[in-house]
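Next up: the structures, one after another.
Here come two complexes built around chain A, the first alongside chain B, the second alongside chain C.
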Partner chain A sequence: MTYQRNTGPFIVNKLVTSTSFSNLSFNTITLTDYRTSLGVYPGKPALNGLAFSAVTATSAGAQPSIGMHRPSSISGNYGADLARYGLGRGSNGKLGVSIVQNESPVIQYRAGYDAGDTYVSPTYSVVI
Partner chain B sequence: MTYNIREATMGTFAVGFVLADGTSISSGSAVPYTIEDGTSGHGITVSSGVVTLPLGEWICLFSLETSNNSNHTADIYVNGSIETNFPQIQGFNNSNTQTDLNTTAIPIRSTGSTTVELRVNTSASTYSSASDLVIYGVKVT
Partner chain C sequence: MSYFKLNAGMPNANKSIGNLTAPASISADQRLPCSSISHTGLTVNASGQLELSANTTFLLFGSPLVEDNASPYSGSFSCQWYDVTNSNWIGRPLITWAGISASTSFMKSSIARAVIYPTASTTVELRIKTVASQIDKVNAATPSAHWPSSHAPYIGTQFYTVLSF
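Here is the complex of A and B:
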């Protein structure tokens, strides 16, 4: 695919309801609140563009949680977002990166060490 | 989804802001990002961390890391009012020397005088020069 510069609107969508997973497999965090500069975007739009994601998690164990963002239809193109070590609230320090192509961005998450990490509302994705 | 700005487009810009190591940040005040040297033509200005956006469509991406020894939060303000619809930065104490480097983002359609800033809720100072602000968007006439 080719990437063309996007003139907007730019989308920020975030996690509204905290979510956790009980296994160490890949899981999908559903982001439901799509917002543009003009307000809430109705429904679940299919988007094209460069996507970034950031994850904030409360770790269930002594190891970091790992959040990854990648589009559902393109495998292998994603960046990892490594949260802090230890119990407590994890970081959304690094950004996952991907390209979305006619799809709604989700954050695909994989716990590296501990099941049951909880992902909380500052978790979000940006599409430009 | 496609969307076109109907006004005449002047161009797309990506503008970087920096924040030096050891910069003091007061609770309730704007984080004093400054525009990186060498950028021009975009029309974005900043005064004590309060950024004024020219007419256009913009996305603002904030990151912040502090040396505060306790947790802190930071919120986006638009035209001086808190904007709670977008993610709050939650910086958590990490090894008693620094918080995690955390991020947030907001899309803004500026009237030409719209301001945006990031305010922390606990006084702190930056732990390193890693914190930044990137504004990308389209300036229109």
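Here is the complex of A and C:
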């Protein structure tokens, strides 16, 4: 058994399989591909730290997807991301942020207009 | 078999998240006040500025939310951390554009960020750098739905974060 001390402050996980939403309610994107400085982590660890996340999406229709994300189910609700440009709102590129406390980071997201919006890689979060 | 022991973050780092409030007016050089947080080595004063202790490294992030609720629903906005004590812009700005067309959505930068290691007590603030006249709400307490009305309002909140060690 090998214990790795100070595995590095950065834990990255990302969306591997594209996710399409069928309604405009809050949806949870589970990110499963955990990477550390030693490679892919086998499992879904509970983490503590400051988490940033970003979403990439394609829109089902002509209207842009404007929903915004919350990177944590518990202590999120800070920060947001416009997956695509939004009329009258800040263009895409904003990051979500949260403090995760003994939990696996997930991203909650709600499509703004088109129920069939799809969320794709590189959707990710970083915990430091 | 090998196991990873995941440490609980950076052992010596303090991390906090706070809210941003609306500026006194939406114009250049206006402060985006930081709400109060409890963070070792840092005090939020009554004006919403951060008073940083000496000899500590601070990583500062800031992300306000802006709205343009009048036609043509398109305007630019930027903000950056500002060293009030030494009268210097620090770090890199957030730049965003509220617009629907691809030609106006390219101008973006996700978050204002700065790294500062003050050797004396230093006051910093998040400050508007440029803003188009069409931007009519910044850090609204209650975000509004926008055109077309079926579009949902922001569901996140404006924020700033501090990581120090």
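As a working rule, the second predicted complex is superposed on the first by the 101 of 128 C-alpha atoms of A that agree within 3 Å, B and C clash if a C-alpha of one lies under 4 Å from a C-alpha of the other, contacts with A are read in each partner's own complex, and residues count from 1 in each chain.
Following the convention adopted for this analysis, a residue touches a chain if its C-beta (ideal position, glycine included) is under 8 Å from a C-beta of that chain, and two chains touch if they have at least 3 such contacts.
All values derive from a computational prediction rather than experimental measurement.
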Partner chain in contact with A:T36 - chain B first, chain C second, else both or neither: both
Touched partner set for A:S98, first chain B, second chain C, both or neither: second
More chain A residues in contact [chain B versus chain C]: C
Contacts of A:I11 with chain B and chain C, given as first, second, both or neither: both
First (chain B), second (chain C), both or neither touched by A:L47: both
Contacts of A:I128 with chain B and chain C, given as first, second, both or neither: both
Common interface residues of chain A - those touching chain B in one complex and chain C in the other: 5, 7, 9, 11, 36, 38, 45, 47-48, 54, 84, 88-95, 128
Complex contact set, residues of chain A against chain B: 5, 7-12, 14, 33, 35-38, 45-48, 52, 54, 56, 83-84, 88-95, 121-124, 126, 128
Residue ranges of chain A in contact with chain C within the complex: 1-7, 9, 11, 24, 36, 38, 41, 45, 47-50, 54, 63-64, 66-70, 77-81, 84-99, 110, 112-113, 127-128
Sites on chain B touched by chain A in the complex: 1, 3-5, 9, 12, 57-59, 61, 65, 71, 85-90, 92, 94, 100-109, 136-138
Chain A partner contacts - residues on chain C that touch it in the complex: 1-10, 13, 15-17, 19, 61, 63, 65-69, 73-74, 77, 96-102, 104-111, 146-148, 150-152, 154-157, 159, 161, 163
